[in-house]
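Next, two complexes with chain A in common: one pairs it with chain B, the other with chain C.
Up next is the complex of A and B:
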């Protein structure tokens, strides 16, 4: 009888201990659900893959270093193969799971899901910097300056640094899609508003393996500068053909030769790997710090990549930095909302992002300038750094710039 | 006719009328009715997530499209590798209305059933035009003609500013008798609509095949000269096969536009055309139930391969690049395996299973 009593008491004790531990486990922090859909496989996965790794690593880092205290971020990353239909499916799944913020990727899907974002009233950080994302939209926040702003800023750079008499004659080499075409109209508007250059031709590239005819045509029209807005591989093909034909300028703006420039997705280490020596002197705009220019930010970026076992290619990719950057902005928004005593939900994160300006601007280590958002400005980093390929790496050229004409044509 | 109307173990037809019955036995009819009740009833009992409903709706739309492809390729024997373009014609018919009169116009939001039917007729008109080369061309040459249509369609959509150069054209939310169909009910609402369309069109094909117009499709497929000698018009038959196929595709396109509340170019590319063809082959060309099996099998295979690639990505981060190849590899492998080992598709497994149960418990 006594044994039975002891057994009963022991059982009670075990149950009590179990409850105590369970209670401790439940007393842990809250979990904030985020969702990300991007092209890890399929078209543009060369950019999407390191981008996903950047986001994944930074959120791991946030949770491991208890950046949000006991609270953690659970960000599900799914592949959409660059297809809007699959992106929509992923987005619906995330909504079912109760996400508080959404990270998207392509221009097509960001435009395609714009109405859903509005209806759901959820803040979205895409990897697409298409200016059209902001039209009739309140919830899409571009991480950096739009492609339009980048192309216009690059055009201004061409005009300011033009070598030779008269107007700078330029050709645009663009992706055959809305992503490529979007900024061209803004560049034309800038010219109409007084930007002293002549747009001789707008070339929509196909899947050409040889650009000789196109390059010779541009030469026959006295084009001096070719501004690209596409992805790396067609630019690499063009640069290699130009180099083979001896058409590439030896120095910036060399008369009778072609000087090549491009915006965000045309450059980076992948371009150097694809084009080799042919990309020497290529001028590129980007709002991110590059690991070829050592500073505190790039050291942290490389340390993060090392911590999570990423290879050199991913670690040094500006797309890896871009992936980290959106995770940084999302984390910062959560952090600020928490500090303000707000509940972490879609509405409060949206409000917090809109308050990220002036003294409250946020400076992540991945970008060359602060991220600022407001109800009227939803492009994050407004500054652009000009880089140029020197000795097989992108090196800074001067101080960060900002477009003057974008404000005039808006 | 068998004396037992519930269990017929053989063919006992004494009149053509008996043979043309939609259901051979009362048991068939009962099973079908029960199955239909379940299909229409389960969303009222169980609540699925929006994502799952979207997947199911998407499969049902693919079924409508594959029905059309099966009419022209399976029943009439005319290879079409531009079927996604016909689906696109339907979707862009809705999109054109949205661009012209606004996506919240009453025609878009209230008269959507009429617009879906109209989109079907647009698909039929384009189908008839694209089918004209079938008067002169056969086999591979005809396939190239349909490929040309696919290319022309892609080019036009991708470059015309009226079509937003392929970027999404939004479609407004529709109204039902209960009011505006909101986000919460969107996918369930379209499930019922698309399922109704599938049932109506399914019966349409079933009945068509019992008429001389349907039989002439099969006759032309098997031997168009013999069909000609029998008094049929092979040329006209081929053109109307394309027109019918276009109608089904157009309806599928319009449903796609309403389901996704937008029309974008990338849903109607050559890759999608190949996908529809794969669904028709895997399901079983020239069979009605193959139109159901194919989309279900291919769409679920897609989902499973996606999950597999994702799982591989978690354990082997470097396998992300391998994952890129996993989907097209699996897709291609399945088609090759079906063509090699089961050219009659899943529909043949269904036939075998049915004939087994029909004779059960006897072996023959």
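Up next is the complex of A and C:
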């Protein structure tokens, strides 16, 4: 009997302490719940891992520096190993926890969960820039220009800077998936709309140990430019093979040789690490500032990485910058909704994001241009910077560009 | 004509590397009749150990390569000792399930290290200029890869044909009870089979890693990519792995060189080996060099 009384009193005490603790924790401000699911391990985790670190660090920074006053952001980040079924489970659990915005990752899972996002009416920022994410969808906000826009802009760059007579002859080297195939049709539409180039071949790569046959075949068809839309590893192998065969152009557009170019996930420091000297002259589009081109934004990015003890590899990764960027956009939306006196919920954040345009555009320090969204434009940063590998680092080439043909083919 | 010969050379190079990667699967199957689904993870582990010893520890790459083979030799032997030995006599499907589980465990362990998610590249240690003859080119990395492959495969063939231990392993493969009756230690043979498979996997990992760069996802996928090679060659034939590897490599390169980009075809380099595999298996269900066992009851 005495034991029961002691047990009862102990239980009461525990409940009282927990209640007091919760009350104290909430007394300072509100907690806004966000969720993120991405490939921290598994396929493409070379991009997902630094991306997750960027998001985690920025939200920590927001809370520590009281960017939202006494309010804080609680963003749970879970690994989905690039598996859509796990992503779906994570998303559903986040919904149960009452998230107000969701951060997703892969093309497959973003396309797969598109209807769920519509049903839940929740704003989503994915790491996939697949244009198809926006079809029949109102709640997905691409952080930067779509892959289609990037490939078409890169094609326009090729046409404008083409060396030699006649049409520029190009081949696309793409990932064998929805992610890879996505922008090819838009590039074909741009050609049909008057872009003066010939798409000689679309190559879907495998896990190739030797690309000699493919490269020599392209040469036999007078291909001059190879535009890649895949991940770094196959591009690195192709660049090494091309270099070995003596097929790589010594300067941009050199006649009788191949000039290699690529969009977002084909480039970055990992490509240089994998391909070494063979990636010299590789041309790449990206909407993010790179630490190889120092400015205020990259200084802040490196300071953030240092503050939270990230190694140099993560700190200098454009994927780390991309992870920070989505956290910046989410934070800015919350900040603006708060300033407007709105309750922080799914509906108001969605409305706030849609109002992020014109003079209300948002310029995070990680990107080369402002983030603008509206009900008809859900690709954030429209500008693209051309970078090229020089002396072992990606360096800026000219001013940021924007695709002209995307508006014509929409 | 140089186009044709370039494709032949590339096919032989790729095929040889497939053969080396497939060798570990053959070695395990030859002695224990088990398909090892953790082979890709051991390939990746071997490559990462070499990288770690070279870049972090500062060992010359040649010694790191040898050390990595020795480490994976003992690692694979330990895996067999701890997880698989107790399954001797159990249904084969149980052992296969254990290898699938092992693959997941090794995945998890590698993901705990930076190697699981980051890309690395071996330091340059071979001349960068390729060897070119009559318009046909081969890189030093590929050439050294082919030489190591044939040295190892030759060594293993000799080992199985001439050495006492090798003959014991073949005996166990043929008839475990018969082998035991003449005093051969079956558990020891199983351990050795796993260990030699680990050794060859490390060699394959280093060669593949030197070509593609060190990416865990890419490296461990070769454990599955080479399954058609093993099936085509005959699951228990080293010679079969070599011949099938080269056939697969050649088919892949010829399909890529002559079919892709024509008649609306694309990606045939990845598909054609499987089509050829199916056709050959229709006529030779045990593979090109596989043993067709006839049991009298």
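Everything below uses one rule, namely that the second predicted complex is superposed on the first by the 384 of 410 C-alpha atoms of A that agree within 3 Å, B and C clash if a C-alpha of one lies under 4 Å from a C-alpha of the other, contacts with A are read in each partner's own complex, and residues count from 1 in each chain.
Basically, a contact is a pair of C-beta atoms (placed from the backbone, for glycine too) under 8 Å apart; a residue touches a chain by one contact, two chains touch by 3 or more.
In this text the structure is predicted, and so the values were computed from the model without any measurement.
Asks: With chain A superposed, do chain B and chain C clash or fit?
Replies: Once chain A is superposed (C-alpha atoms), there is a clash between chain B and chain C.
Asks: Looking only at contacts as defined up top, I'd like to know whether chain B or chain C touches more of chain A.
Replies: Result: the larger residue contact count on chain A belongs to C.
Asks: Give one of first, second, both or neither to describe whether A:108 is in contact with chain B, with chain C, with both, or with none.
Replies: After superposition on chain A, A:108 lies in contact with chain B alone.
Asks: Report for A:273: first if it touches chain B alone, second if chain C alone, otherwise both or neither.
Replies: A:273: touches chain C, not chain B.
Asks: By the touch definition at the top of the document, which applies to A:257: first (chain B), second (chain C), both, or neither?
Replies: Once the two structures are laid over each other on A, A:257 reaches no partner at all.
Asks: Kindly classify A:181 by the partners it touches after superposition: chain B alone (first), chain C alone (second), both, or neither?
Replies: In the superposition, A:181 touches chain B alone.
Asks: For A:40, decide between first (touching chain B), second (touching chain C), both and neither.
Replies: A:40: touches chain B and chain C.
Asks: I'd like to know which partner A:208 touches here: chain B for first, chain C for second, both or neither.
Replies: In the superposition, A:208 touches chain C alone.
Asks: A:96 contacts which: chain B (first), chain C (second), both, neither?
Replies: A:96 sits against chain B, while chain C stays out of touch.
Asks: Would you sort A:245 into first (chain B), second (chain C), both or neither based on which partner it touches?
Replies: second
Asks: With both complexes superposed on chain A, which partner does A:233 reach: first (chain B), second (chain C), both or neither?
Replies: A:233 sits against chain C, while chain B stays out of touch.
Asks: Please state which segment of chain C collides with chain B in the superposed model; the candidates are 4-12, 58-66 or 94-102.
Replies: 94-102
Asks: Pick out the shared contact residues on chain A: the ones touching chain B in one complex and chain C in the other.
Replies: On chain A, the residues that contact chain B in one structure and chain C in the other are 40-42, 45, 49, 176.
Asks: Which positions of chain A touch chain B when the two form their complex?
Replies: Residues in contact with chain B: 40-42, 45, 49, 53, 78-79, 81, 83-85, 88-89, 92-93, 95-96, 107-108, 111-112, 114-116, 119-120, 132, 176-178, 181, 309, 311.
Asks: State the interface residues of chain A toward chain C in the complex, per the touch definition above.
Replies: 40-46, 48-49, 176, 200-204, 206-210, 212-214, 216-218, 220-221, 232-233, 236-237, 240, 244-246, 270, 273-277, 313
Asks: Residues of chain C touching chain A in their complex?
Replies: Per the touch definition, chain C meets chain A at residues 3, 6-7, 9-10, 13-14, 17, 107, 111, 116-121, 124, 128, 130, 137, 139, 142, 208, 211-213, 215, 217-218, 221-222, 225, 253-254, 256-257, 260-261, 266-267, 269-270.
Asks: Where on chain B is chain A touching in the complex?
Replies: It is residues 49-51, 54-55, 58, 158, 164-168, 170, 183, 260-262, 264, 266-267, 306, 309-310, 313, 317-318, 320-321, 323-324, 326-327 of chain B that touch chain A.
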